[in-house]
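Okay, structure first, notes after.
Per-chain residue numbering starts at 1, and chain names A, B, C, D and E are given in the order in which the chains are listed.
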């Protein structure tokens, strides 16, 4: 029962702060609301017995990504720059489009109720050792490739950020 | 192998010409004459049982063969291509810029057309049919004249491409209907005949649109007059004398044997269209004030007749069609050569502003008159044999249709003679220097061919009917 | 002997080639002699052939070479020798060589002499092909060939566009007829499977398999004949064709080419005999033409125009005869007509020659004193055409009238009228030309002279022929006692459908007397008007009477055709050119291009560079796809 | 495996070369690597199909074909663009990024697991976001990089959601498992929605309408060598991946999707060809032309039996022609300009460049006997009889396509002349010439 | 943390869909590039939730592994994206996406 309540509460927080991300005028607030959403999502992971994932989630998202966001916002001094000029027709279209999207996707939710925990696996999934085994055995190749990805992103980010030392302008 | 030689001599020569600097005229002419000799020798050898055709499987999965044959119809068209080609290249009367390229493109076009005529593989035919567009495109673009040249070239190119793509669809439709798809000629014929009449009708529609654009047949002809007008004169000759024959030849070689039932049951509209085209083009020719355009429209009228006669699907139609193709090819070269002679001397081709050329150049007038007579299908000229056979064939479809198409006999006489009268006759004698020996030669040979084939057409007819 | 027939057309052809290619280095005399000789040799050969036919009288085919062999379609260059063709070649070469001879004198001064002679030779060649061909297609070759020669000769003096227009008109109108002939050929081939006379009629009789198409085929053939023989309504070219030199008018537009239509119908008499309706059409076309031609001729003042309408009218007689089934009589009239009409034309040529090119009879008069040979020969021709016994015209015309009386009284009356008119206008012209005072200028008067011997010799020969030519076809009444009646009829019976008059001798004689009486009355009337009272024909602007004007304007056919055919065609053509060719088709072609661009411009609005638009499109696309599933 | 290893290490090695100041070794190293990959493919070809590494990748025939085609294109790109890349002064970074993206492209050909697919797409794309923006001082380049990045990550999200749904339905990321599942059960709503979302993700990558809007902007803004890379290798990799996924794993569900794909193909052909007629910027025109080719590529999914040969052939033919065009485009663009009139009189200034461009354009237009024709031929003949109406649309839009290709040819060979001088990159002669010949006669290669 | 009672897969799916749609809404609604990036993150997290829920449903770890990779990619994307944004800001002095419209037509 407790978990049930927790589910509803966390869901509410996630959705609420998700909307708040969008409607906040100040980007810094948006970032903070987004962090709140992430915490709520981490809670969900916890509920679903994915504790390790929840921890990683907090570390990566709240700890790294959002700090990066915040850092950029601060550096660019974006606190109060934005004045919304979206025409109302675009706003309307945004509402209509996302609303339709919601309706259509909701249609995909099966009517038959499927309990989330259908199978009880022998070893409880979500524990560190299970994940470790899967990651380093079955998913070793993607894991290695992820490093390539990171390397690429790193090179790219550095390239874009460094001063033009030897670039011939134009 | 001789078939391959016929195809490849002009092609290799074209590549050579792109890189040569001098004497391109002689080189090209010699090459074409060699090819002509090779073709004739080949045909003679063939009659003694030598195998001169070629069949090399190129892409097995789709049954594409590099396959050339030299049966009667193909040989006649090859003859036309080479003879007309020689005439066309010989008729060049002034310095051309970048002459070697001009000849190279012309030779490449001739090679492509030879390929189309000799092809015994539908894809090969299609490839050559399209490929021939590229050289003429450059010929018009680089050596043409006039203000809207690029617009006109564009219209020409796109229009003909538009048509021929439908041919590809039709050929593919037949091709995919086979259990073991191949483009080989006889297999395509059989596969086409195996379709239902309705399907054949659609296949024919696709083919006919392609051919109708190229020939051209009303209402697909609107690219033609302006293109003929602005192309360099040799380009116009290549177009009128040989290139449009690919379309009429296509009717004979591909449409008729492949989809006879489609034509019979669902293709009569094409005959009607062709007949309309005959009359329409004749009327248009009647309104023209310029010689070149008049010749252009008269060409449309003739081709409409070929199309109508051939589609009536009788022996006379097929043979007459091929005969008329040959005859019209020769006449077209000669008529445009006449245009060139007049234009280069008078400076324009507005018929109303000329007159009395006969007084200054009687022998020119004489030769021109015979050509005019050939063009209006006077008996004992080659034009008559072809048109009569076509008309004979067409009246199998309907005597009324034949009567309508026959109106071109009257209208043709009207506009041709009017043009002749305005330019050649009358009291006003404009200055007109006598023909050079080269010009006389071109016209005389054309006249001799026209009359010889009129008096003894059987030589060509037997060739056409020779199925080897 | 029949094998020689292949040579007959060859000689004129050789003549043509020689003069065309070698004539530059030859003197005029040499050219003239050569041309005449070539036709003369043909005449000799034709006489030989004819004489064999006199004995044997059946058809022989002489094949020269294969011509067009396509599937079942087989046509050869092959000649037929039978009474009809041998008769035709005889008078073609005969009259032809005389006219060649005449031309040497007549055209001597002309710079285009060589050209003229070569064309004449070419014409004879094609004319011989026309009558000798053993199939319709070869006939058609000659048919069109003579048309072209006619075109070249009418427009011989090409520097004057009036001549060229006349030539063009002749050619184009002829082509209308030719189309009929072409279609007839295709129809006959489709139905009967052959174009050879032999298969169709002589030995095969395949013509019968035309079935329900018989009438159509006959009428199509007749349309061909109409064009060539200037029958109503395709007659308008012939008077204009007088623009050519006079020997041309004599040879082509009187004696030979225009009678090709009669040859055609006579050749296909089997076919026409099968179709009552077609025969009616032929008859009535002939009658209308006869009457119309005669009536127009009454008012014409150009000496050659009068003769031209007279020709039209006489051709009408012949077709009327054909329509009534009197095929051999029509051919008879062709022959006699060839003689006297050639004579008249050549005579008029002699007159024109003397007058220095003047052709208006109102400017002539009293010429008989200056040129007696011309006068007398012309008189013989005039009497012959008027139908006075025993000159040639009498016999042939009389038999046509006899047939008409037997068959259809209306036709008879109309033909009688035409015959009366003929007598009047011929003598009107004759008197105005040769009698009375000279009405031309002084210079012309001084210039007057008799023509040279090359011109008068043919006149004399033709005058003799016109006098006795009629004897080959005595009617019953006269010939019975001599056992030579209807000789021609018998001669031709193997070829054309024979049709004897069943009038008895008395009736024939009465008819002949009546006809002669009418003619005589008319001659007197003309004499009275133009000689006794010395009245000259009215100048154009003096004419008040409506009918007279109408006749002078030839019933306005030229204007009518101009308005109902030429102008509408021009109008339609230029309309099509403007609206369809330049506007509609161009707009469709170019418009399809710009409509592609137009559609693209609409789409270009979406490609506005705004990320939001792209995002919306993406999400919208996703939603749409989800809906589609 | 060795193939992937080479490609993955190539980028690292390039970075190392920069450290040791051995820039001049980069291009040879890359070429050698490409050759090695080709050699590896050839060796692998001889072996039987083997699935490696816990069902993550499979070097089957399709994959090997894809790898070799992409490698050929990449090598060709390298030799034609080397000089331009060098001229930027940042060749090490750019080459490293190219190498990473090439690694991603290769992964797109042989994945057998959705995880691999996802990583491949990202490894392919993330360097590209940077590359598109790599002209750092240029606002257009910045804009193009940003647009590509933002829209690209949205597309990735959509793709991921699709993957999640499919995982939900099939309980696996393994393509073989998914294939078995779909063969029996393909109307599950999660699968339906998931497939549509994956389709959208891929449609974005190959720029099929209506998910193509980014392409012209990005192609135009990005430096021309990068545009060439995106238009050929990247697009080829994306469609190969898509084909592998949809024609392989999702085969069972394709019947439901055929209609949608046909509509997308139609829209793509019409929009791309129509828009291209309006362009004055040749680079942008080539971008639209690239979109229209994406329509053809996409339509291979409709061919019964999924003609992978047609696809491969088309990619190769289009890729080579397109690279030739972009090379000439780059030469002209950097010296005179990218607008249409910059090409005026090119035939006189440099007949070779003009001829190469003409051959490339005609091949793209599908004029026989160039390779582009055969590419179109295989597709159309495959569709004929099943999607006849689509072939007619293809034919009609090809005519429109011909129009704008011809426009360039007209300008090059026409009579007007802009005064600008032009020197051609002489070293390209043999390479371009040889490749153009390949384009001409390639048609027997891959059959 | 044990068994989730009365919570069905569609609950989590609904949550995931809701967050996904919120992300889309935000993308369309806002034009500040930073906020749009955040919305993309939101969408990625929506996917994560769905994956974890399915993983739980199926009782295997694949889904969770996938989430790891998504996180990796998200981090990489953010790094690159922000770098592009910084550069853009250096050149244009704005993060307003509407001003990015030089490339069009």
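A few comments on the model shown:
Keep in mind that, in the parts below, a residue touches a chain if its C-beta (ideal position, glycine included) is under 8 Å from a C-beta of that chain, and two chains touch if they have at least 3 such contacts.
Just so you know, these numbers come straight off a predicted model, no measurement behind them.
Common neighbours of chain A and chain B, by the contact definition above: C, D. In summary, the chains found to touch both chain A and chain D are C, E. Each chain gets a centre from the mean of its Cα atoms; the one farthest from the centre of chain E is C. Comparing mean CA positions across the assembly, the chain most remote from chain A is C. If each chain is reduced to the average of its C-alpha atoms, the one that sits nearest the average of all protein C-alpha atoms is B. Taking B-C and B-D together, the pair of chains sharing more C-beta contacts is B-C. Chain centres here are Cα averages; for chain A and chain E they lie 5 Å apart.
Averaging C-alpha coordinates per chain places the centre of chain A 103 Å away from that of chain C.
If you average the CA atoms of chain C and of chain E, the two centres end up 98 Å from each other. The distance from the centre of chain B to the centre of chain E, with each centre set as the mean of the Cα atoms, comes to 66 Å.
The residues of chain C that reach two or more other chains are 593, 604, 607, 609, 611-612, 615-616, 619-620, 622, 626, listed in rising order. Residues of chain B in contact with at least two other chains: 158.
Residues of chain D in contact with two or more other chains: 115, 119, 122, 126, 129-130, 133, 136-137, 147, 150, 154, 165, 192-193, 216-217, 278, 403. Screening every pair of chains for touch gives A-C, A-D, A-E, B-C, B-D, C-D, C-E, D-E.
Only residues 147, 150-151, 154-155, 158, 192-193, 196-197, 199-200, 203-204, 210-211, 213-214, 216-217, 256, 259-260, 263, 270-271, 273-275, 277-278, 400, 403 of chain D touch chain C when the two sit together in their complex. Contacts from chain C toward chain A in the complex involve residues 612, 616, 619-620, 622-623, 626-627. Chain B makes touch with chain D in their complex at residues 58-62, 126-127, 130-131, 133-134, 138, 141-142, 149-150, 153-154, 157-158, 161-162, 165-166, 168-169, 172-173, 175-177. Residues 309, 362, 367-369, 373, 377-378, 380-381, 384-385, 388, 391-392, 395-396, 398-399, 402-403, 406-407, 409-410, 413-415, 443-444, 447 of chain D are the ones that touch chain B when the two sit in their complex. For chain D in complex with chain E, the touching residues are 114-115, 118-119, 122, 126, 129-130, 133, 136-137, 139-140, 142-147, 149-150, 153-154, 156-157, 160-161, 163-165, 167-168, 171-173, 216-218, 220-221, 278-279, 284.
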